[in-house]
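Please find the structures below.
You will see chain A twice below: alongside chain B first, and alongside chain C after that.
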Partner chain A sequence: MGEGTGELGALLLADARLPTGGHAHSATLEAALAAGLPGERIPDYLSARLRTVARTEAAAAVLALRAGLDEPVDYTTVQAALAARTPSHALREASAALGRGLARLARRVRGDHPAVVGLSTAAQAVPGLRPMRPVVIGALGAALGMTEAQAARAVLYDDVQTVTAAALKLHPGDPLTTAQWLLDAAPDIEASVRAAVATEGPDDLPARSAPLIDQWAGEHTYATRRLFVA
Partner chain B sequence: MPETASPATRQTLRLGVAGPVGTGKSSLIATLCRELAGELAMAVVTNDIYTDEDARFLRSAGVLDAERIRAVETGACPHTAIRDDITANLDAVEDLEEEFAPLDLVLVESGGDNLTATFSPALIDAQIFCLDVAGGGDVARKGGPGIGRADLLVVNKSDLAPHVGVDVDLMVADAEKAREGRPVLALSRHDAASVARLCAWVREILAAHRGGDHVPQDPGPMAPHSHGPDDHGHGHGHALHAH
Partner chain C sequence: MGALTAPCPEVLVSLGAEPSGGGLAPSRPTTIEVARFGGRTLPVALEAGTFLLPRVMRRPGPALRVALAAIRASLCAGDDLRLRVHVGPGAHLELVDPNGTVAYNARGGRAAWRAEVTLAEGARMSWREPSFIVSDGADVLREIDVRLAPGAELLWHETLVLGRSGERGGALRSLTHVRGEGADLLVEELDLRDPRLRELPGMLGGARVLGQVGLFGRTPEGPHGPGRMDLAGPGAITRALARQTYLVDEALTPVWHAWGGHA
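Let's turn to the complex of A and B:
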């Protein structure tokens, strides 16, 4: 166990109380249910995410963490590679909105750290796109001294808990059941952590998108009476 | 990525409007837009449980350009979005201030449904708490953080008072007692003099904000609970204990 903030950083990024805007997101669950996904299949939805979009994002966070420890810090390639692997405009925007909240936190708690200062390179990588959530998580991971596995797991855990928290608002159910869903997802989560840490570089970044999730996310943009941003 | 300008250097006043559902927050904001948009550059952010009803109401009122009215989703947690995690609102406010610079006034309407929700001073510079006479004459006396310590308490729909058996003067007097001198305004959109008083208050707080004479206050999520020996003044004489 380290002396610094790495272990705490991992907990901080996993905490639903972190005030960076996550509570208004459902990881596309609201749109999925609206499109007819049965509530009983939310665990399958989690598993599908963990093997596709979330796996890509976890690997991007690891690459960003490495970039954040480089000299000079440059997130251009990882931001561009992740954007290219996020074909849905709505999902890029959702990720950028979450990244914006996390970047505000990063500037507040570690504004002088090169990994945080360097986020300006991510902001310039793709015109009109703010640093995406995994990139900022990687930057925070670097600034707080987290390990690659911690950063990857933070992304995956947050993905699951975004769905489970939204599920309690969207579908009747026992809150304790959602804890079971998380623990049942352990094999998917840990497999994606290993894959993320084993990613060698941006060219190697998995391009695992999920066409239905992309479609639902797009439809959600036009939905009325939404509870969640995305 | 510029950090949001601190209140001391920001010319724009961010003004929150909180209070229970149906007390007339959206209408009050529409009134302010109608009265002030000619002299002040304005924008509005709304928080709804179901997205954008308030924003649509305000757009359809035609009192402000539609693009200057933004709705944010709150994940069914409208209280969180103005207090514990203000990210979505801060993003919307910053975007409006950037796109329509220079703005004089950004109004933020809270969503939600009860007496305890107030804005974090990290989001807004000043806040109005809105009650209405139809909620009953007792509400102001029962108190709560917004009633006790918002920068302005509005007792709205005073025109309805005779119909609901409420004595507006008494309700205002009760509120003034609970507020230790902070202002209370009886308002009706049908009473031009009261609307003029509301606008005057807004101009005053804007000037105070710009002059550096106004410090954003946190009404607090709950009434003060300390009863220790150091607890002089605050928390006494209020009927504010929200257990």
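Let's turn to the complex of A and C:
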């Protein structure tokens, strides 16, 4: 089913032109800058994310990918575990909004795959919470035949590029510099890929929190002028 | 406070001969078990541990108030403080910790502070920890494990402080796990061991005090604000970060009271 599409799937998920709504998100960068983060410290912000919230999301995508290859497919535990590690309502909603765009893509391209059909189980895990982004990425990864490392890296890469693309709008600078930021983040990205793939189950899903990211995400919901939804 | 600046006996630093694991010395847990009898909550078991002595404080009203008194200086290298609390069905416990906790310079050693809290059906507990101070040179694991039966509610106020005044603070890893009805309500690891990493933007930035009031088992009405986080399950946390403890207290004390915290 996923034959020959794994490598392409990894590229597709990393492509900013993918029409799934990612352009409306800044990975909380907009609120961070509003709270006084100096532009030159954006690489440090990336590092904080990659060690904490993005690592949790990458590991959740790996667990979801595994669940998507199980029979029957059941994303309940991974969605619930991720929700329990995302105390911020604003961040859960942002993740669910991104998940919704990705789920639309999944249904279009692999709507009959059990990993995609099974996404309804994720929607039942927590009342009122649609499947979160890492769960849908895992489902797509399973349907397209991606490896666990590819799914994890797609989550982390997308996290970095969400910040860098938003940075160019919020704190205009040389776009080539942001490419350097990405490559400089390689050790943090690969450490989190390894941690994600080594995750055994929902109980040991990484749970490192970043208190100021939660705080800024909360402040953003009260901001009257904003470019990005989150 | 002068007497507390170097309270850890040197002998504890070289406990390597009989550690119980991770360089920690065996210790006796402090146990608090309360139950409801008629309209009142009464102690079933109050057992002193190696570090803390639970004491009933007489107060009017149906809740039972228990204060934790220090038996000896802690946390020093090798200390493994354990606290176990069980609140029976429909019982109501107010736990106070008038002195808070200081983790002292462990000079290469480690310490742990762990609490296990279980609340039976319809039980309520409020728990205020004034401060948990991690001095320069301390290396401490803090672990809180909470299990809530249906209808149980825990209101909890913690204040983590990195360093005494003028210090950058030692290493802290704080794990919080709150389980509700068959599902996790909150799983969080605050990894504040490496000062360089914890000062990253998005982590603590320039703050050295992190306080939070959590209500688990029920989603409270107001107050709402940017520091409030409504959990996916029943519960909410309001958090404050600052350089000084009094600023965190100013932000959180109104929340503590609004959510039903004791005076």
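Brief remarks follow.
Simple rule for what comes next: the second predicted complex is superposed on the first by the 227 of 230 C-alpha atoms of A that agree within 3 Å, B and C clash if a C-alpha of one lies under 4 Å from a C-alpha of the other, contacts with A are read in each partner's own complex, and residues count from 1 in each chain.
Please note the rule applied: a residue touches a chain if its C-beta (ideal position, glycine included) is under 8 Å from a C-beta of that chain, and two chains touch if they have at least 3 such contacts.
None of these values were measured; they are calculated from a predicted model.
Following the overlay on chain A, a side-by-side fit with no clash is recorded for the pair chain B and chain C.
In the superposed pair of complexes, A:Arg51 makes contact with chain C only, with no contact to chain B. Ranked by how many residues of chain A each touches, chain B and chain C are led by C.
Of the two partner chains placed around the shared chain by superposition, chain B is the only one that A:Ala123 touches, whereas chain C remains out of contact. When both complexes are overlaid on chain A, the residue A:Pro211 reaches chain C alone and has no touch with chain B. Residue contacts after overlaying the shared chain place A:Ser26 against chain B, while chain C stays out of touching range.
When both complexes are overlaid on chain A, the residue A:Leu37 reaches chain C alone and has no touch with chain B.
Using the contact criterion defined above for the overlaid structures, shared-chain residue A:Thr221 touches chain C, although it does not reach chain B.
Contacts of A:Arg100 after superposition on the shared chain: chain B is touched, whereas chain C is not.
For the pair chain B and chain C, the minimum alpha-carbon spacing after aligning on chain A is 19 Å. Judged by the document's definition of touching, no chain A residue lies at the interface with chain B and also at the interface with chain C. Across the complex, chain A meets chain C through its residues 28, 32, 37, 41, 44-45, 47-49, 51-52, 80-81, 83-89, 92, 126, 129, 205-216, 218-219, 221-222. Interface residues of chain C facing chain A in the complex, by the touch rule stated above, are 183-191, 197, 200-205, 207, 210, 225-233, 237, 239, 241.
Interface residues of chain A facing chain B in the complex, by the touch rule stated above, are 17-26, 97, 100-101, 103-104, 107, 119-120, 123, 130, 166, 169, 224-229. Of all residues in chain B, only 1, 3, 49-52, 72-77, 80-81, 84-88, 90-91 touch chain A in the complex they form.
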